[in-house]
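Each structure below is given as C-alpha cells.
Two complexes, one shared chain (chain A), two partners (chain B, chain C).
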Partner chain A sequence: MVFKIILGIGLTLVIIAGIALPMVSNPSSFFELPVVPGLEDKARIIFFHVPTAWVCVIAFITSLIYGIQYLRTKEILYDIKSVTAAGLGFLFCILATVTGAIWSKFTWGAFWNWDPRQTSIFVLLLIYGAYFALRSSIEVEEKRASLSAVYSIIAGLTVPFFIFIIPRIVSSLHPDPIINPQGKIHMNPTMLVIFLSSLTGFTAVYYWMFNLRVRFSKLLYQQQMKEQE
Partner chain B sequence: MNKIFNINSALTIFIKDFRSELRTRYALNALIMFVITTLAIILFAVANETPSIEISAGILWIVIFFSAMSGMARTFVSEEERGTVMTLHLIAKPSTVFFGKLLFNLILLFLMNIFTVVLYLILIPSFIIKSYDIFLLTIFLGTIGLSAASTIIAAIIAKSNTKGTLYPVLSFPILLPLLMIVIKSTKSALEGIEIAKAMGDFQVMIAYFVVITAVSYLLFDYVWKD
Partner chain C sequence: MEFLNQNSLYIVLIITVICWFGIFGYLLSLDKKIKKLEEKINKE
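For the complex of A and B:
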C-alpha cells in the first residue's frame, strides 16, 4: 500500500517537473533546466520516452529469462510469468514507438524515416507480434510454452546483430549520440534527477503491473484446472 | 563422439529426404514455379524501366526470401502429415534429425538460389555483377544462414495449427539482420567494390550462421520432443 502511494506521488512529481520546469540557457537554481541545443522544449520527451523504451527492453529480458527457466524446469508458472512480461513489453514497446514517432514528426519532419533506433524498435515489435501469433496457434499448453520460449531465445539472440549491422548501413540522427557523444551521462543535475526518478518510477509501475497480471493469470489457470476435474 | 551426433545417421536422414523429394518433387516443383511467377510479376511491374542498383539487389533477396519461405516450410510439416514423426523419434537422436534436415534444406536452397540467380541475370539486363567474388560469397553465406534459420523455424511451426501463414511471420524478425547485410553486400558486388572492403560483412554473415546453428542445436530437443 505504502509502495503504491509513494509511486503515485513520485510519478506525479516527475510528470509535473518534466513538463512544467522552465528551460533557460544558464540554469542557476535547481528548478531550472538547461536548453538542449537544437531540441529546446522537444528535449522534454527524454523523461517519458526513454523510460518506456527501457521498460520494453527490461520486459523482453524478463520474458526471455522466465522462458529459459520454463525450459529447465517445465513449471507452467514460469510460462505464465514469461507471457505476462512479453505482454507488458509489447504494450510499452507500442508506447515507445508512438511517442518516438510523434517526436520525430516535430524534430525530423516525418513520423517514420527508418532511423536505426526506429528500425530496432520495429524489429522488437515484429518479434513480439510473431511471439503472440505463435502462441495463439498452438493449443497444447506445454507445447505452446516450450515452443514460444525457444522462439524468444532465438529472436533474442538475433537482436545483438543489429548493433553490428545497422551502423554499417545507415547513420543515426537519434539524440542519444548527440547528447552523450562519449557514452557517459553528463546531464544537468536537475535533469538527471528527474530522468532517473522517471526511470525508476516506470520500472516500478512495470513491476506492479507484472505482479498484478501474474496473480490474475495464476487464478485463471487454477480455475481452469478445477473446471477440468 | 556418440554424445554429440552421428554424422552417418544425419546423412541417412538427408538421403531419405532427398529420395522422397526426388519421387514426389513437391518442394522442387513448387519452388521453381514460385521463382518463375515472382520474377514474371517483377518484370511486368518494372516493364521498360531500368531499376537502380539498390532496387535490383533488394528485389533479388525478396525473391529468394519468399521462395525459401514457400519451400522450406515442408521439411518438418511433411513428417507430421505423413505421421512419421514417431518413427524418427525412435530411430534417431534429435540432433541427428536436425542436422539431416539442415543438410537437406541447404542443398535445396542452393539449387533454388542458383536457379534464381541465373534467371535473374538473364531477365534483368541492368543487373550486372562487377565483383564476382563478393557476389558468389554473398550468395553462399546468405544461403547457409537462411537455411540454418529456416530449419529451426520450420521445426517450430510444424507443431502449430496455422503452418503456412505463420512461417514468414516467425522467420522475418530472425532473418532481418541477415537480409540487411546480404542486400548491402550484393549492392557492393554490383558497384564493383574490392573484396577486402567487404570482409566485415562476411564476418557478420559467418557469425550469424554459427550463432543460429549452435542455438538451434541446443534448443532442438525442446522443439522436437513432445
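For the complex of A and C:
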C-alpha cells in the first residue's frame, strides 16, 4: 500500500512539475526549466511521451523473456505473463504513437508524415498486432502458447532495431535528448530529475498493471480448469 | 476565450491530473476487487 501511495503522489508531482514549471532562457533556481530552442512549451512532451515508449520497450522485452521461459518449462503461467506483457506493450506503443502524432501536428505541421520514427513505430504496431491475430487463430492451448512464445521472441528481437537503431541510421526530425548532442534537447538538472522520476513512475504503473492482469488471468485460468474437471 | 488562451498550460495541467487520478483510482479499485476474488476462490 505504501508503494501505491508513493506512486500516486510521485506521479502527481511529476505531472505538476513537468507541465507547470516556468520555462526561462537562463534558469537560475531549481524550479525553472530551460527554454528548448524551436520547441518551447512543446518540449514538455518529453516527460510523458518518452516514458510511454520506454515502458513499451520494457514490456516487449518482458514478453520475450517470458516467451523463452515458457519454451523452457512449458508452464502455462509464463504464457499468461508473456501475453500480458505484450498486451500492455501494445497499449503503451499506441499511447506513444498518439502522443507523438499530436506533438508532430504542432511541431512539424501534420499528424502523420512518415518520419522514420513514425514508420518504425508503425511497423512495430503491425508486428505485435500480428501477434494477437496469431494467438486468436489457434484453439489448442499448448500449441497457441508455444507458437506465440516463439513469435514473441522473434518480435522482441526486432524491438531494439525499430526503436533505437533505424531512426538513428536514417535522418529523422525526431529530437534525441540523450544521444545526439547537436541541436537537440539539453537537459538541465531539474529536467533530468523530472524526466527520470517520470520514467520510474511509468515503469511502476506498468508493473502494477502487469501484476493485476496476471493475477486476474491466473484466476480465470484456474476457474476454467475447475469447470473442465 | 481570452482566459482559456492565457491559462492554457494550467488547463492542460488540470486535465492531465484528473486523468491520472482516474487511472490511479481505477487501478486501486481493480486491485481491491482482485484481492477479494482471490480470497474467495482460495477459500473454496
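One rule holds for everything that comes next: the second predicted complex is superposed on the first by the 206 of 229 C-alpha atoms of A that agree within 3 Å, B and C clash if a C-alpha of one lies under 4 Å from a C-alpha of the other, contacts with A are read in each partner's own complex, and residues count from 1 in each chain.
The definition used in the following text is that contacts are C-beta pairs under 8 Å (C-beta built on N, C-alpha and C of every residue); 3 or more make two chains touch, one makes a residue touch a chain.
This one's a predicted model, so the numbers in the text were calculated from it and none came from an experiment.
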| item | value |
| --- | --- |
| When both partners are placed on the shared chain, which of chain B and chain C touches more of chain A | B |
| Partner chain(s) touched by A:222 [first = chain B, second = chain C, both, neither] | second |
| Which superposed partner A:155 touches (first chain B, second chain C, both, neither) | first |
| First, second, both or neither for A:134, with chain B first and chain C second | first |
| Partner chain(s) touched by A:165 [first = chain B, second = chain C, both, neither] | first |
| Partner chain(s) touched by A:73 [first = chain B, second = chain C, both, neither] | neither |
| First (chain B), second (chain C), both or neither touched by A:113 | neither |
| Chain B residues touching chain A - in the complex, by the definition given at the top | 149, 152-153, 156-157, 159-162, 166, 169-170, 172-174, 176-178, 180-181, 184, 200-201, 204, 207-208, 211-212, 215-216, 219, 222-223, 226 |
| Residue numbers on chain C that touch chain A, as the complex places them | 9-10, 12-13, 16-17, 20-21, 23-24, 27-28, 30-31, 34, 37-38, 41 |
| Chain C-facing residues of chain A, complex | 4, 7-8, 11-12, 15-16, 19-20, 41, 205, 208-209, 212, 215-216, 219, 222-223 |
| For the chain A and chain B complex, residues of the former touching the latter | 71, 123, 126-127, 129-130, 133-134, 137-139, 143, 146-147, 149-151, 153-155, 157-158, 161-162, 164-166, 168-169 |
